[in-house]
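Naming follows writing order (A, B, C, D and E), and every chain is counted from residue 1.
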């Protein structure tokens, strides 16, 4: 059955949840989340059986909606992320209560991710400028609300305002970029655009201009360097599940659309031929941005003391690595196209960040603030949590035998393949700095004495989930065939 | 009954003592004496046969490198082995009594057997690497023996000093071996000889001289020649039988033995020979001068050993190994005798070593006095004693080869006679200068029997039939009246002068500071070690901490920290600043993409 | 947008930016003929932009109201509780 | 569309847009914005996009501005006092604005779009009609009166837009529907007033302002 | 599930068991013992075997991923066998040295086992991916061990070692990746060493240079080559005894093993040119510069740490000779140094626990208080300065002989370096004896006379000394395992010139 049915199912699920929430108040957050995740699991199982564009593709819909393997992979990612966020929100509810006052509204906080997930899935398969714009907007509006959800917590509101204003500006630039691209090529479908761009000559300036505008928009979305100012504040202010969702969901979606656009612009002009064509310029821009992002992300993370801000900076530096992979468009000696390297890295990035945020969720819900010192002596207080966090931090730092290492390995291989040595040096510096600030977390967990002795209650559900995540980090690290299998 | 047994016996005794009789001193003493006596017996048994065999293959790397523990039992080895085992046995017997009440007797005898094992190893070695192995083992055993009473700070320091100076010598020795190996591809003596015989000498003369000098450097370290002689006087800290065995007869002689072993190499490059000769001569003169002003009986004997060794090295340098070996044999006997005698005196005077506190022992210890007297006569080459014949040979060769050296040799002979007679007069004649000396009585039988045997040997060893028996290849020197006359005159003058000056004097009549404290060698070396080595080490440590640690590593961490804070300061949290930076970012990005091609 | 301090005015400026983009879109769609008629794809996008802008303003104002309730001010420069 | 009219309307839009930024009082700013939108709508109509012009006025000028005014009334925001006219920030803002404008100018400078002005892009009605007959039987729903209008040489904009919107872009309609649903949920939850519970971190437990 | 897999998996399982509460010392001892016996069995078994074409006695390989070709391939050849023996012996000794009731006992025992597993894995795997991964696996417990169970300013030391080795392994990763990418020839990207070895020589000069630079610096940092040695002293000074023993004894050899196995054979051109001069210069820095620092050290543990850095210089000299004598000497020296430094660190740890201090000025005259302990320490000290009869001397003498082998009469750079390196034996004699003199001889100082050295150190020390003596007296046990002909030796000048037909496959054109 055609792919776009999936999104409809998800929206339907959202509507049902909405109704349940209003008519069966006693269901409570846990019930809602349970139903939500079950529904999403069903959709996840349906995913492989979905058919792509029928061969004769008469239907007009396929002009706007592509269902190639990459899109299906990202849909899978989006679904898994949302399920995890739902679980996290259940754990996070007690903290939310404190900030929502008696006005309630916790229920909606569980429904919004479902709708945003639909948006993410649309984004994954959007290969037309308009559908990109609309699906992007569905996701961003969803995030505006989720970020500013805790209306009584001043941090959350502040983050919301910042995210909204800067988000709106980036949407403005996005529309402007689309306008110019539409102006030059007259088409809105990416594949057609790439062919038209190949034929155009003499218009390099305008093409580059539109690409720059689009890069501004997606740079913001993905937190690349010139536009990553918002990331630390929003991650710190927003409720932890939203921060997790932002760091994984929106980044993944941003990257898939960006990779689609870069493919459209570069066409088959993979290797940098250095003949001054605009494709080279694009690659050069991407390289510069990637380098700057890695540098900024890893160096700024060093003096951090707040765990969420640390995760924010680490997500910036990871974005840098992915941008680096993106910049090496067609690695010659590797059979993985840069799109697949990006997908693999994101798939690797997902469990690690989710596990880290999940642990923070549990710890924060019992302790309050999110400084790294809150993790002090976690090793003694609840060894299980400490172990999970250790595994995820090792993954983020890229220690071998974890999936993070494999992700970085492929990025390094792609960069080596194209011979970007300066970038390699910066990447090594970034990874090394990574050792430093991730080790700070381990240090505080195992070396510092716990400030208060009470063991942290870890619900059975979250314990199972965390174990699953930790296993995923290590298991996928050992044999990467699994992820590649999905990708093919 | 192969030479390998010689090697195994002492090793066996070391193992037995270490594992078995560690707890009982006397038992281990007996085991070690038995082993040394056994090896003496085996040496005598094998006196006639000439054989060389490979006991074990140590390193075998295909055709590239072949190093094995081989034994070479020829004339030279037999002679040396006889001396080593004979003196060894006598010293063992002597130290049975001397060390009776020492609490670590087991360890003492264990080390003695270890020393005998390594000494045998050097003598029997048939290749340079094996010789180097036992060379170092001898160094270690002398370290252990000198530092026997290690609770005494001075003994511990002396042991350390001895080992390190030896090690410096070994440094040169090893480089010599490496050069030879590099040149010829083989390490065994026979291999080297045929290589030399094969006419390659011309090709790398310079290198050969360098290699020879390096090997000589090893000998300098071991036989305590000029620059590296500082450790021998301090080595007297060890028990006297040890000094007798190691610092008279065997270990110091090992250097000379090695030089004779590679004699063919020294002939190949005469410049090396000359240098060796001059170093030998210079050491002899230097040591003799220093000996005249020493007060400690053992130090005097130590310096006399130094000067005699100088003689031997000089002669080897001048080309005749046989004369050197002959003098080595005779010297071994009478020097061991003198040392054991000194040991007896010290034992009798309750460990008193300063000669000015002794005196009048002639009457109290007649037998020791007699033996000691004979030893002294042999040392100062009194006619028809063993010393006379061997020194005669040396002087004769020196006369033929190098006139200047002959003069030095003569001067040294005079000085030897002078300080030996000084020693004899002050210790034995006149009145006892301290109550210890007052009621010194003759030592027990076990102690003076070895003295007598040695005395007999030191007289007899010079004559031809006995020398032949001792496998010493008599140098083909013919009787030369002039040489005889010169040596006789110097001997009489020296002895007379010594006798006259020191007859019943209470203290040293004229102290020559320069000689008294040994040409300030020790102070110079001490300064060098303190400033050069430790100072440099301290400076290097400082530099290392400053540059590599501070600058490189610390620098980078500070840099990253700084940049991190810089970035952090940028994010102030103020929305307008963000939007401003956002705007600037957009401007830069667009400008870069569109316009910068 | 960078100059003004009040969140409301900033939202207004955002509106201006989006409408400017709309103008460009309409212009391009008008100037490009497709099947004889002005290319309506561009105009479709304009519609969507307008609806999205409206939604954005709605959410923006909601947040501003909530902010006003809890902080008594909508002055953007005071929102610096989270720094470094 | 005659040149003088074009210049008038664009001047109108730009002028009032600057006015929005310039003046202090938010109410006047809102009104200037309305005028600017009217100018813009006029430009749209000039470009023969009648439907969009109308929508522009209805949605923007009508609904959005009303919302702004309503909010301004609700929170009786006083005039932004001229406490300190931060030189640095305004200068920075202006500089960025001008810089980006220059860039756009630079890009567009040699961007010869090939068509100087509107009139050399006439709407070929005949071509449109022939095309519509050609694929009449291909099952794509065509609005009848749009074809009739085309025959008389009038561009029935609304019908054409409707036709395109509901034929090709129905996926996006669904998306927009979801978007608006999310927006409403968001506004509702964010807008909830809550009884005077002590909120943490803000300036103490003053009673919520009643509207 | 061959014997090789057991060797690696067993300690990991044991560490896990300890993690979950099994009695720490007993499990650790059992595993270390079994591992030791297994390695002995392997040793004797291999002596009977004849090496296959690439020099391996025994190889198993189970593919994990096809492209890039990563497979769980284990193989043991002469060099690996020696190092495996070293690892198992040192592990057994380290477990014996640690008391069951020590602070952080469980952590210590599990980290010993993990380090052992990591080292064994690294030495045995012939697949670069696992080669690198196992090394990292071994590093993590070291950092945690030093950080948690160490003493002195352990935090700073652990911090420094983590970041330093982190950067080192990153650089190494780049080098390895470069190697894999460029040297994997036609058959697609492969991590398998044996295949890479086949294509290695054909690389272009330029690429070889930067790959070799990456590997050289990466391994240099891991092995504390001269400019990168500043992490070693503080780390070992504040590391708990077993961790110091394991890391100095075993893990440091990883870098050298890597150099000998990967860098030298695969990149003959690069390693002949500029690299050899740099290597010679740096190893001199190691021996002389660090040697002098060791003399200036004031406490036993920092002195031992620096002395281990200094001895690395000799092993590098062995590598730099590029001939079979030098490289076999280097392997022997690795084994000997590993054991002697482990013994000394063990005793130093015992000293610190029982007497309370390791500073020279506070100690003195221990010889009379604990004669047995003094004797064993003496043996260890003499072994480490290269007294004949011990394995160190055999290794050192072969390294020196290797550096002078057929140098054709004129003194080249290698020979000058070797001569200066020989001066190192004097430096080592000075600091070793000075330490022995301060601690054990002379009059009994206040600190040392009251306490008596508790037992528990005798058996492991005798075990280690026995190992040193056996190999010292019969080095042939190891030597006939190693390749004995010049051509087969990794990276010797001979290989670069003629085709590496020794590997016996269709290597048509010449490598030079």
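FYI, a residue touches a chain if its C-beta (ideal position, glycine included) is under 8 Å from a C-beta of that chain, and two chains touch if they have at least 3 such contacts.
On a predicted model such as this, the values are computed, not experimentally measured, just so you know.
Novice: Which neighbours does subunit B have in common with subunit C?
Specialist: A, D
Novice: Would you kindly count the fewest steps from subunit C to subunit E, each step being a jump to a chain that touches the current one?
Specialist: So the least number of steps between the two chains is 2.
Novice: So which chain ends up in the middle if you average the CA atoms?
Specialist: Measuring from the global C-alpha mean, the nearest chain centre belongs to E.
Novice: Looking at CA centres, what chain is most distant from subunit C?
Specialist: B
Novice: Among the chains here, which has the CA centroid at the largest distance from subunit D's centroid?
Specialist: Between subunit D and every other chain, the largest centroid distance is to B.
Novice: In terms of C-beta pairs in contact, which of A-C and B-D ranks higher?
Specialist: A-C
Novice: How many angstrom between the C-alpha centroids of subunit E and subunit A?
Specialist: Each chain reduced to its C-alpha mean, subunit A and subunit E end up 43 Å apart.
Novice: How big is the gap, in whole Å, between where the Cα atoms of subunit B centre and where those of subunit E centre?
Specialist: So the centre of subunit B lies 36 Å away from the centre of subunit E.
Novice: CA centre of subunit D versus CA centre of subunit E: separation in Å?
Specialist: 72
Novice: Taking each chain's centre as the mean position of its Cα atoms, how many Å separate subunit C from subunit D?
Specialist: Each chain's C-alpha centroid was found; their separation is 8 Å.
Novice: Touching two or more other chains, which residues of subunit D qualify?
Specialist: Residues 89, 92-93, 96-97, 103, 107, 113, 168-169, 172, 176, 179, 183, 186, 190, 193, 199, 201-202 of subunit D touch two or more partner chains.
Novice: Going by the contact rule already set, what residues in subunit C reach two or more other chains?
Specialist: If we look for residues of subunit C contacting two or more partner chains, we find 1-2, 5, 11, 22, 29, 41, 44, 48, 52, 55, 59, 63-64, 66, 69-71, 76, 79, 81-82, 84.
Novice: Would you give the residues of subunit E that are in contact with at least 2 other chains, written as numbers and ranges?
Specialist: 163
Novice: Please output the residues of subunit C touching subunit D within their complex, sorted ascending.
Specialist: These residues of subunit C touch subunit D: 1-6, 8-9, 11-13, 15-16, 19, 22-23, 26-27, 29-31, 33, 35-38, 40-41, 43-44, 46-48, 50-55, 57-59, 61-66, 68-72, 74, 81.
Novice: Which positions of subunit A touch subunit E when the two form their complex?
Specialist: That would be residues 333-335, 394, 399-401, 405, 409, 412-413, 416-417, 424, 428, 431-432, 435-436, 439, 442-443, 446-447, 478-481, 484 of subunit A.
Novice: Which positions of subunit B touch subunit A when the two form their complex?
Specialist: 560-561, 563-565, 567-568, 570-571, 573, 575, 577-579, 581-582, 584-586, 588-590, 592-594, 597
Novice: Note which residues of subunit E are touching subunit A in the complex, please.
Specialist: Residue list for subunit E touching subunit A: 64-65, 67-68, 132-133, 136-137, 140, 143-144, 147-148, 155, 159, 162-163, 166-167, 170-171, 173-174, 177-178, 181, 188-189.
Novice: If we count contacts the way the header does, which residues on subunit C are in touch with subunit A in the complex?
Specialist: Counting only subunit C, the residues touching subunit A are 1, 7, 10-11, 14, 17-18, 20-22, 24-25, 28-29, 32, 34, 39, 41-42, 44-45, 48-49, 52, 55-56, 59-60, 63-64, 66-67, 69-71, 76, 79, 81-82, 84.
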